[in-house]
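First chain A sits with chain B, and in the next complex the same chain sits with chain C.
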Partner chain A sequence: MILGNLNLSWAIDGWIIAVGVLAAVAAALLGNFLVLRRMSMLGDAISHAVLPGLAAAFLITGSRHSVPMFVGAVIVGILTALLTEWIHHYGQVDEGASMGVVFTSLFAVGLVLIVRAVDHVDLDPGCVLHGAIEMSPLDTWTIAGFTAPRVAVVLSAVLLTNLTFVIVFFKELRISSFDPSLATTVGVNAVAMHYALMTLVAVTAVASFEAVGNILVVAMLIVPPATAYLLTDRLSVMVLLSAVIATISAVVGHLGAIAIPVWLGYSSTHTAGMMAVASGGLLVLAILFAPRQGVIAKWLRQRLIAMEVFQEDVLGLLYRAAEHDHTATLSTDQLIQRLQSSRWTVGMALRTQRQRGLIESINECHSLTAHGVEAAQGLVRAHRLWEHYLVDRAGMDAAAIHLQAERFEHVTDRALRDRLDEETSATAHDPHGKAIPDESGSAD
Partner chain B sequence: MRRFRCVAMLALALGAVSACASTQLLATTLLPTTLLPTGDLPSNLRGEGPAETIDWLRVLTLRDYNTRIVVLGTTLLGLGAGVVGSFTLLRKRALLGDALSHATLPGIALAFLIANALGSDGKHLPVLLLGAAVSGVVGVGAILAIRRLTKLKEDAALGIVLSVFFGAGVALLGLVQQSASGNAAGLESFIYGKTASLLASDALMIGVAALLCLAVATALSKELRLLCFDATYAAALGYPIGLLDATLMGMVVIITILGLQAVGLVLMIALLVIPAAAARFWTESTNGVTLIAGGLGAASSLMGSLLSAALPRLPSGAMIVLVSTALFVLSATVGTRRGVLRRWGRRRRFERAIHVEHLLRAVYEIAEVAGAGAERLAVPIDRLLRVRSWSSERLRATIAHAQRESLVQRLTQGGVRLTERGSLEAERLTRQHRLWELYLITHADIAPARVDRRADAIEHVLEPETIARLERLLESRTTEAPPASPHALATGTSHGSKTPGAAP
Partner chain C sequence: MVTKPADKDEALPLSVHDLTVAYHRRPVLWDVAFNVRPGRLVAIIGPNGAGKSTLIKAALDLTPRASGSVQVFGGTYRANRHRVGYVPQRESVDWDFPISAIEVVAMGLYREVGWFRRVGAKHRLKALEALDRVGIADLADRQISQLSGGQQQRAFLARALVQNADLYFMDEPFAAVDAATESAIVDLLGVMKQEGKTTLVVHHDLHTVPAYFDDVLLLNMRVVASGPVNEVFTQDNLQKTYGGRLTLLDEATQAVLRRERSL
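Right, the complex of A and B next:
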C-alpha cells in the first residue's frame, strides 16, 4: 500500500481535505458556466483582483477585520468584470487584452497599496499564491457545540450559495451561456445573469483566497469543468461531473502533497499546488480516455473504420478476380501485392471475413463464398455506378474517377445505389466498359 | 494620416529618447561594473527608493549607478515587450503571455532542484532561465495540444495551462524551500520581480533579448503582419504558418522569462498587453501599432522606474505598470484613430449632419406641398416642429448648424427659408429619399405607408453609385427633380391634415 506509511491524522488531514473539497467544488460549480461562455480567463483576472481589494479595504477601514476585507475584495472583483466589459465595449479592445489591462493594473495598484502600508499589514505574498490550507484546522469556530475550522464554515456557506444559485437559475444559466441573444428574446436577463455569476465568482475567490490561495481557485474554476466538458454533452451531467472531479482532485491533491515528496526525499509540500496538479492529471486522463472524444477512442474509431474499409477492399478484389473465371482465386501474396499492404493486415482482414463467412481459403488461396459474392456485388456495383455518375453527370475525366469511386463505394448503401442507378438511367456498363453488377438478390 | 504621423513621431521620439538614454548608460554603466561595489545594492523585493529625502536632479540625471541599471534594463524590456506584445495582440492572443509566464514557474523550481541535486549552485541564473524557457515551451505546446486534441476553446486551454503549471510550480517551490542550501528566496523574485536590485548583467541580458526580438520583428515584419492579419490567407500564399507562429511564441518566451525577474510575473503580462492595447487607439496600421507599442512600452518603463527611484516606497514594477495604465487611459480617451473622444466626436458630427438633412427635407417638403415653384418659401418654426418628433432645442440647434453652413436663412419673423445652396441640397436629399421609397415599394413589396421611416434610416448613407443604380432600376426617373412622394406628406399645418402628394 503506497499510502501505508503516511501518518494521516483525521483531525488535521481530514479538515484539510474537507476545506480543499469545499473550495474546489464551490469554484467548479461556477466554472462550468465560465468555460461554456469562453470566459475562463475572467476567473483568473478576478482572482488576481483580490489582492488590491484586500489592500484597499485595509487602508480605508484601517482594520484587519474580515468583513470589510471580504467586501472590499468582492467589490474589486466585480469591478474587474465591469471594467473589462467597458474597455472591451467602449474602447473596442480585444476581450483578452482588456482583461489583461484591467487585472494587471489593479494588481499593480494592490502592490503599491501593500508596500505603502507594509509596516502594518502582514500580507505574505506567498500566502497569495498557495494559501495556508495546512494551517486551516488551527483557526476554529465553535457553532452550537460543534467545533470546525473557520474557513470550513465560510466555504460551506459559499458552496451552499453557489449550489442554490446553480440549481435555482439552472435554466437561465444554460440558455444565457449557450445563446445570450436567445436568452434576451425569451425574457431572460443575460446581463443580470452575467454579473450575478461574476459576483459569485468574486465571492468564491475571496473566500477561498485565505485558505487555498489564488492559484487553486483559478485551477478549480477552469480545470474540472473543462474535464467534465470532455466527458459529456449534457450540461446537468457536466455540472455534476465537475463537482465529482473537483472532489477527487482535492483528495488526491492532498494525499499527493504528503506522499509524493517523501518518495523524493523531501517532506510534504503545498497542498493547494498539488490539488491543481491533480486536477490537471485528471484532465490529461480525460483527454486520453474520454469515451467519445478521447484521443484513444478517436484513434480506435479511425483504425476500426480503416480496417472495415480494408476488409471491403479485399472482398472487392476477390470479386473482380472471379468476374470472368468463377473458379479463380487469389493467394495471400497476390493480395498483399495488389493492396500494397502488410502480411499482418491482410491476414487480419482475411481472418475477420472468414469468421463472417464471406471468404473461404484453401491452401492460402482465397475466394468468396456465396454470401461474400453478395456483399461484394453491392460494393462493386456502388463503385461502378459512381464512376458512371461522375463521368456522365459530374463531367469528370474518365481517367481520374477511380480514386473518387474507391472512396465513395464504402459509404454507399442500397438506397443510394438505387438512386444512382436511376440518375444514370440504369446503365449496364461503367465508363471503363465493365459490367455493373445487379443488386444481389434481385433477378438477373 | 498626418495626425498618425505626428503620433508615430511622438512615440518614436519617446522611444528614441529612452534608447539614447539607454545607450549612453550602456557605455557608462557596463564599463565600471567590476570596479563598483555591487554588494551594497539595495536588494529588496519591495523596491524602496534610495532615501526619504529626494534629490530629483540626482535621480533624473541618473547619477546613481543603481538607478541607471534599473532604468536601462526596464526601458529596454518595455521596448521589447511592447513590440512583441503588439503582434500577440493583433494575433488575438493577448493573454498568451499570461499563461506562458505562469508556466515558467515549475521549470524554474525544477531547474533549481536538479542543479542542487547535481551539486552546483541552484541559483545560477542561466540554469534557472533555461528551466523557465523549457517549461514555457512545454506550456505553449500544451496549449496547442489541448486546442488540437479536444473541443476546448483557447480561453480554457490558456486557463488550464496557467493554473496547472503554476500549481505544479507552487508545489515544487514547497520542495525548494526545504532544500539543503536553505534560502530559496531568490526564486520568489520571479513572481514578484526585483526591479530595484537588477544587476548590470541582468540589464545586459534584457537588452540583448529586446534587440533580438526587435531584429526578428523587423526582419519578419511582413510575414508576421500577414500572420496576424489573415493566417489562412498567409497559409494559402505558402508561408509556413506553424513556423511563424512558433517564432512569435518564441519571442514571447524570451522576452517573458527575461522580464520575469525584472518586474515579476503579473507585471510582465502588463508590459506585454497594455502598451500594445494602448497603441491600437492611435493607428489602424500594423506597423504603426508595433512602433507605437514599442515607444509606449519604453516610455512607461522609463517614467515608471524614474518615479520609483525618486519617490520613497513605490515598487518600480508596479509603478511601470501604473504609468503604462495611465498612458492606456490617455490613449483610450484622446487616441486619434479609435479613441473614445474621437469616435464620440465622429458620431456627433454624423448625427448633426443627419439632423441638418432632415431639416432641409422638411422645409423642402412643406414648401413643395404649398405649391410648385415655392421651394424658397419661408416656413415657420412651429410648423417644422410638428413635422418630425424633434424637441424645439434640437430643432433650434439644427437650424443654427444649417445656418452656419449657409444652407438656410433665419428670417426676422421667426421662420426658416432655404438658401440657394440649401435648396439644391434639399432637392438632392428629397430625391434620394423618394428614390429609395419607390425602390422599397416596387422591389421590396413594402406598403407605401411604411416606406417613409425605412427610407429615413438609409437616405443619409446612399452613395452616388447606389443612386445611379436606383435610377436605372426605376428606369423612368432620370430628371434631376425629385419624383413626387409616393405617400402622404406630413406638412405640420395647424390642423395637422395630410395633403396627398401628386401621383407619379
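Right, the complex of A and C next:
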C-alpha cells in the first residue's frame, strides 16, 4: 500500500534490486569471517585500495577493457593485505594503524592517478563512492538467448564463488578464524586461508565497485555479519542470517531510495547508499531486540530479577519483624517505609506473594502464612549462614558483610544452605548474635 | 631429561638445541637446551616474562626462532606435527566466538576428517566421548562463553585428547580453575602418562610441582636447571630462577642496540 504509488518496473527496478542483493550477499558471506577475526577494517581497506588498481591498470594498458582493470584492482587489493601485515610486523606498528596507513596512501595514489587520467576516461570520483547501480540495467550481456545486465552476470559468478568457498572450506575457515595456532597444528594452513579470504574480498570489492561503489561493499562486508552475530551463537546460523539480512537491506534500501525522499518532497536518492543505511537500521534493531544480547531483553531480565529479589525481601522483612518485635503483621505504609520503595512496587510484590499463598492481607495489614514462614525461614537462614561464613571463613569484617549476604541469600538454594551449614560446623548464631533458623523448624 | 643435548636419540619426544628467540631484537629465550624423555610429565616453571609460553610457541613453529633447533621425535616439528597436541593459554581464546563445546573438541579431529569433508556423526561421537572423559558431556551444545572457567579448560583438554597425540604442550591449564577441575586435570594427566604420552605443562603453583610432576624445567630466559623433580627442584635453583631478572643480559642487549643505532 505504501509502495502503491511508486512506479516500479520489473525490467529496471527488478534488476537494480537483483544487482544489489547479489553484491550484498556476496560481501556478507565473506564478512562473517572478517568480523570474527576482528579484521573488519581490512575489508574497508581493501575496498578502498581497489581504486589505484583500476587507475594503474588503465594507465598501463591504456584501455578500459574490463579484464586488465579487474586483475589490476584485485592485485592491489591483495597487496593491501600483504602491506598491512608487513608494516605491522617489520615496522612494529599496531595493526589498525598499519591498515590506516596502507589504505589511505593507496587510495590517495588512486585519486592522483584518476585525476591524471581523467582527461582520457570517464572514471568519475563520485561514482567511486556510491557507484551507478541505477545504470546497471542499461549495459547488458546476452548469454544463450537470455539477456541480463553485465554486472548481474559478473556478480552472480562472484556470489557463486564465495558461496562455494564458504561451504567447501567452512570447517577450515572456522578453525583458522577461531584458533590459527591449532589450525596449523592439525594441518590447516591458516596463512593460506587468510590470503584466500583476502583475495575473495578483493575480487568481491572490485566486482561490486562499478555497480554499487565503495560504500555498499564496506557496509555489506561488516554490517549484516555484525547484526547476525548478535542474533545467534552458532556459526552456520550466523552465516545464513547474514545473507538474509543483506538481502533484506538491499530490497528495503532500493524501495526506500525511491519512496522516502518522495515523501519528504525530494526526488529519489542513491540506491546503494540507501541499502547501506537500511543495513545500519537493521543493526540498530538487532541491538535493541536481540533475544539474549539485546538491550531490551537484558533490561527486562534485570527488571524481573529485581522484582523477584524485592518480593523475597518482603518475606524476609515480615519474618524479621515477627522475630524481633513479635509483631506478626506490618501495614502497607510500614512496608513502604522500611523497604524504601514506592506504593506501586510494594503493592505488586504483595499481590504476587498473596497469589503464591505466602502472605495474607487483612485491611492493609500483612502477615506471613504458614508457607510464607517456611520460605522466609530459608532466606533468613541463608542470609545468616552467609554472614557467618564470610566472617569465619573468608575473614571479612563483620561490618561489611550485610550487603554481600543480602546478594547471596537470593541465589542460595537448599543444597547450598546445607553445604554452608556443614562448612560453618552447624553454628547456631550469626556474627551479630542472631539465631540461625533451622531448615524446617523453629529458630533454635 | 637431565641430559644436555649430546646424543641424538631418535626416540626423544622433544629435544631442544641452543634455542634463542627474540622479540624486536630483545632476546626472550637465550640459548635454551634440554631433552624430554618419553612418558614423562614435565612442569615448566619460571617468573613472568621468563619465556615459558614463548618456549612452547617456538617449539610449535608459531614464533620465529633467531637460532637453534627443535626436534620432535627425532625429526622436524613440521614432519611430526600430527603427533603433537597443544592446549593454549585461556587468555588467547576468543570466548565470544559462535562455537559450542563439542565443536571446539571436534576441531581436534580435523586432520582425521580431512579437507573438504564435514564433521560427521562418527566424529561427533568421538568428541562427545572426550567431553564425557573430562566430565562435561552434558554441556556439549553450550556456547563456550556460557561455560565456567573450569569447564572451558576441560573442553580444551578434551580437544587435546581427541587429537590422540604423543606429545602435549599445555599453557597454564591450571590457571583460574576450581579445585574439582584441578583434580580432574591431574587425574587426566596421570591417565595420559599411563598411555605413554609425554606432556609439558606451563605451571605456576610451585607447591604442587612435586605432587603433580615427574620432571621440572626451571626457566628464566635461559634454562636454570632441568631434570627429575627430586633432583633439581631445590631451594637453590628456585632462588636462581625467581631471584631477579637477568639484568646483565638485558644491559648487554641494550648496549648492542645502542651501538647499532649509532652506526
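Here, the second predicted complex is superposed on the first by the 436 of 444 C-alpha atoms of A that agree within 3 Å, B and C clash if a C-alpha of one lies under 4 Å from a C-alpha of the other, contacts with A are read in each partner's own complex, and residues count from 1 in each chain.
Basically, a contact is a pair of C-beta atoms (placed from the backbone, for glycine too) under 8 Å apart; a residue touches a chain by one contact, two chains touch by 3 or more.
What you are looking at is a predicted structure, and each value in this text was computed from that prediction instead of being measured.
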After the chain A overlay, clash or fit between chain B and chain C? clash
Going by the contact rule set out at the top, does A:229 touch chain B (first), chain C (second), both, or neither? both
Chain B versus chain C as contact partner of A:238, first or second or both or neither: second
Just checking: does A:99 make contact with chain B only, chain C only, both, or neither of them? Give me first, second, both or neither. first
Comparing chain B and chain C in the superposed model, the one touching more of chain A is B
Partner chain(s) touched by A:187 [first = chain B, second = chain C, both, neither]: second
Could you tell me if A:35 is touching chain B, chain C, both of them or neither one (first, second, both, neither)? first
Of the partners chain B and chain C, which touch A:174 in the superposed model: first, second, both, neither? second
Which listed stretch of chain C (7-15, 25-33, 151-159 or 205-213) steric-clashes with chain B in the superposition? 25-33
Taking the two structures together, which residues of chain A meet both chain B and chain C? 92, 229
Flag every residue of chain B that touches chain A in the complex, lowest number first. 45-48, 89, 92-95, 97-98, 146, 149-156, 158-160, 162-164, 166-175, 178, 188, 191-192, 266-267, 269-270, 272-274, 276-277, 280-281, 313-315, 317-319, 321-322, 325, 328, 332, 338, 340
Spell out the part of chain A that touches chain C in their complex, as residue ranges. 36, 92, 168-172, 174-175, 177-179, 181-188, 229, 232-235, 237-238
For the chain A and chain B complex, residues of the former touching the latter: 35, 38-41, 43-44, 48, 87, 90-94, 96-101, 103-105, 107-109, 111-112, 115-116, 118, 125-126, 129-130, 213, 215-216, 218-219, 221-223, 226, 229-230, 257, 261, 264, 266-270, 272-277, 279-280, 283, 287, 293, 295
Chain C residues within the chain A interface of the complex: 24, 57, 60-62, 81-82, 84-86, 88, 93-94, 97-100, 103-104, 107-108, 110-111, 113, 115-119, 143, 159, 163
